[in-house]
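Heads up, there are several structures right after this.
Two complexes, one shared chain (chain A), two partners (chain B, chain C).
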Partner chain A sequence: MTSLPVERLARPQSLHATDRSDRIYRRVLTGFALGLPLLILIILGVLFTGALPALKRFGPTFLWTSTWDPVAEIYGAAPMIFGTLASSVLALLIAVPLALSVAIFLTEFSPGWLRQPVAFLVELLAAIPSVVYGTWGIFVLIPFLRAHVVPPLKAVLGWTPFLQGVFYGNSLLAGGVILAIMIVPYIAAVSREVLLAVPASQREAALAMGATRWEAVRSAVLPYGRAGLIGAVILGLGRALGETMAVTMLIGNRHDIGVSLLQPAYTMAAAIANEFSEATTNLYQSALFEVGLILFVLTVAVNAIARVLIWRVARGQAVGSRAL
Partner chain B sequence: MKSLLLLLAALPAAALAQVQLNGAGATFPNIIYSDWMLTYNQAHPDVKLNYQSIGSGGGIRQFSDGTVDFGASDAPMTDSAIAAIGGNALHIPTVMGAVVIIYNLQGVSQAVKFTPDVLADIFLGKITKWNDARLASGNSGVTLPASDIVVVHRADGSGTSFAFTDYLAKVSPEWQQKVGKGTSVNWPVGLGGRGSEGVSATVSQTPGAIGYVELAYATTNKIQYGTLRNSSGNWITPSLAAVTAAAAGAMKDMGPNTDFRVSVTNSSGAQAYPISTFTWLLVHKSYSDTVKARALVQFIWWAESDGQAKAPQLGYAPLPRELHPWIEARLKSIKAAGRSVL
Partner chain C sequence: MTTTASDGRTVGQPALSAAKGSDRTASVSPTVRQSDSPTPVVESRAYNFWYGANHALHDVTIAIPPHAITALIGPSGCGKTTFLRSINRMHDLTPGARRTGDILLDGGSIFAPGMDVVALRRRIGMVFQRPNPFPKSVYDNVAYGPRLNAMAAPREFPDRVERALRQAALWDEVSSRLREPGTALSGGQQQRLCIARALANEPEVLLLDEPCSALDPIATQRIEELLVELKKTYTIVIVTHNMQQAARVSDYTGFFYVGQLVEFGETEQVFTRPIDERTEAYITGRFG
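Right after this comes the complex of A and B.
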């Protein structure tokens, strides 16, 4: 007897279960919602079919051989896989401290009148087309690195394997730095939102315990938002892995593996962009499809790892975890 | 009377009949092709021509797939690619281009001279300093710096790379054996630049760099380029006349029955610039649509005769006059529905 009103309260939509427009609406939404995962599967399928000749011809050796010879039709993607990961990691190493500093400054330390202009300008960096970054990189960044960054770096860390060889300009270092600049706005913007969402009570509690501003940020604000901050970093990493134009203009486009940051390298996205339109033989085209497939799988894997990381860190209570 | 009636009946139909010809391919000849098509359309409003410069490789693919009426390429189709479409392909050269050597040497105002073997060894990574004895011996009177040579090549597939590696493969057995020729190759050394603009920007920003671009690109952007020694032993500064001379010099090797898929690099002409190349239109030997085929062949013939005059002012080298009878013969061999269209 009494169960009926309770049930109605719990499931108010059942009132309109028979409404026709509601059903259509639901089906359209379901269709759209299923369409996107379906699209991903189709992309995967197309990449796989395109890559099939190369997969058959080279097998798993494609992943760890480094010859890329379109004349002899021998293809190995190891240098590109290495270059993609190395340039992205380098970009994160530079961008994460920078972007987090910007976000912490803007939310915790900046005077109120400075917040909006600085946030706006940082986010404006994301609006610059990547070809402009590339051109700027060739004409401004590389000469700057050559004159003011590489000599002191070599003087201090020249003994490490990371700074061997002569710096000609286009290199892993130049590619990584341009990537870092390009992903800073994404990481900074998301981090700022995450930090803004940390309740004031967290800071107040820390300050009331006698913490300094910095200690409050470090011990209360950052841990509270850590899931969201990891999400911000992963967003930046995703951008870095797939960025093409600016990187190809600066990284030197050389199918080579070297630990030195001063040497040219190659990324998967850059190679596909450069070589696809002129890949005249089927095997050549197929090898590029396989590179695309690897990049796709790598990106999905990075996002999956990130998701797991966020779940483990967040446990449902930290800021930003629901949105990610 | 009967024929007059037929003529009257045919007139409005002819006035309405629009022929749309679609082509795609090489980016290098895009400027002159666009110009030709515009000019030709003004004189022949019934023929609409559309050309998309998607690159030589894409042009060959679309031509082979039959999605365009004609293709265009800076690198000829391979035997296997022609066999794959049943041999139904003709290469018609339209204009010529050249590849020039550009470099970044502060304080060197004279053109640097390169012998074929020195050039090959630089791009093989065997000559690594600008003051190398072999480089210096060809450049007496010029003080070349002791700096490293930084090789810059195209990272994207390109007809420019094809012409350049085709030349190196001819003059250097080691290059032929180690690298070979192609629109993309496995470069022994160097940095990759994307497009002509990528190569020239990298060269201009890297002290000691050496690279290669199209002659037309270098002249429009006022980039200094080197002098090469040709197969006759003469030092040749790149110029349109020297490029045309390369084709004329190569004619006796070609013979009148050539399929025009010949490389004119390292040509034997005394005044020939050694890294010269044709750019080709790709057409079928037989078409099913007579109206289209006739319009296409007539356009090409116009480009080969009247159109050539426009080439030098747009930065392209015209074909040598001597080549025209051969091209005419080849165009006459094009058939539609079993009959010659010209």
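Right after this comes the complex of A and C.
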């Protein structure tokens, strides 16, 4: 039962070599794996140091003042923060019902042959470059909104503060709608995987109790997947908050807070994209860095919440990992 | 403690000899001979079932007597669960499923064009292999059926929930925890919660698909005692892998083998004087 030293000594050289190459391989992989999280910290650090002058100069008032005057060197980011949140919320209001409908249809009601093609096409929406969405928005969406959406909206809800003013095209509404179209594939794809992860036994339990298929979805499947579905929505929110190009092209880039959807607005991402090249003074640049820092913290936090919720639905299984 | 047809009911000689696929009429005749038995609640007639090309059930003809426990036994993949799930039409959503023959509930075909499958499932409760409570409170789990089917005024729900939990012998354990999630109960309690959930619909028939396979012996024993209690009110069909369980709790036993109902009769007869040699081989443990 003792070991066989002869056997072990027979090829010491090759064993040793394997061992060393294994160790190198492991170290390289570990380095790469740790490099990415490290990159997030580096980005955070760069943003923070870049934003330091503005942070010192304006303190927290940066968050709630509205003046953005590069000449007088006074900066307040409230309109951008407002515009970012408003366009994202508007996008969610439009995208969530649509995306959930797609996901529920695909997992519960679609005939088998339709499932893959529709899922594929919906997810393909996520592959279209942002700038293409923006161009499409300018040439198709805005004329469509002007001709077919805004007039009836004004006729019915024109008395509310949300639809005051004249619709020139570039507006919170146009930005929100384009964002909605862009985040539908993310919410739909993750929701679909969450719903697929709901055990069949839950559906069967409801059906066996005399539920119709829709009742089974509403009373058993959706509640079971609720955390994951909320996660999917928040993931969409994360996308919407950070989306830059298409929104910059459609939202109008006006540094002002207004509740009317028909008026132009501004987002943090759009401001950074538009103004970085012309930010000639240190403080101007620093103010934009601070905007970037706010956006970074906001989107990272939102995405973190989303992922935790999604993973919670099927403990251990990375539900929605494919789409994440 | 083999339970026989307790309340003096006799069941002819329900010896279903295996047709071995050669003579189809032979498999139908035992039902005819059962005519002096109590009117069956659930009855299948030459029921065949396919999953795609896989012929899972062959000419199953069985008459399940009321207010008794009927156990369906047999080795894995022999069709007992497939048959059980046919009774409340759970196969409706199975892609590629086909059938011939008929299953009757109280004399009416469950496949009749006018049959409302939702109403059917309300009359035939089902308990699954693994406890599958909803991630809701104990109370909401049991109130699920009454709410869904609007069976009573909402003010009567608490009474119904209590009644169902008492019937499922769970009330004493959970009466103070009705607001806790049903998923927080122990495995045996969860399964009794699922039974209570099914009973709250006030079904006529209760189908149980290996309800104890995920439970420990003590929880299993509680469920078995419960079933014996419940058969006074309900007609119970239980699929089980566990022959001792079938012998302990059931009044009638059906032995399935490769998609055929080989033998059906009073449990005592099936276990002590099986007619078919395959039944004998199975219950004596020579295969399966």
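In this section, the second predicted complex is superposed on the first by the 263 of 324 C-alpha atoms of A that agree within 3 Å, B and C clash if a C-alpha of one lies under 4 Å from a C-alpha of the other, contacts with A are read in each partner's own complex, and residues count from 1 in each chain.
Just so we're on the same page, a contact is a pair of C-beta atoms (placed from the backbone, for glycine too) under 8 Å apart; a residue touches a chain by one contact, two chains touch by 3 or more.
These figures come from a predicted structure and were not determined experimentally.
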{"item": "Contacts of A:Gly76 with chain B and chain C, given as first, second, both or neither", "value": "neither"}
{"item": "Partner chain(s) touched by A:Ala205 [first = chain B, second = chain C, both, neither]", "value": "second"}
{"item": "First (chain B), second (chain C), both or neither touched by A:Arg254", "value": "first"}
{"item": "Touched partner set for A:Tyr224, first chain B, second chain C, both or neither", "value": "second"}
{"item": "Contacts of A:Gly175 with chain B and chain C, given as first, second, both or neither", "value": "neither"}
{"item": "Partner chain(s) touched by A:Gly112 [first = chain B, second = chain C, both, neither]", "value": "second"}
{"item": "Partner chain(s) touched by A:Gly292 [first = chain B, second = chain C, both, neither]", "value": "neither"}
{"item": "More chain A residues in contact [chain B versus chain C]", "value": "B"}
{"item": "Chain C partner contacts - residues on chain A that touch it in the complex", "value": "112, 199, 201-202, 204-213, 215, 219-220, 223-224"}
{"item": "In the complex, chain C residues that touch chain A", "value": "88, 90, 93, 95, 118-119, 121-122, 125-126, 128, 130, 132-136, 144-145, 148-149, 194, 197-198, 201"}
{"item": "Footprint of chain A on chain B - complex, ascending", "value": "54-58, 60-61, 78, 81, 148, 150, 155-158, 179-187, 190-194, 198, 201-202, 205-206, 209"}
{"item": "Chain A residues within the chain B interface of the complex", "value": "67-72, 135, 138-139, 142-143, 166, 168-170, 248-249, 252-255, 264, 266, 270, 273-275, 277-280, 284"}
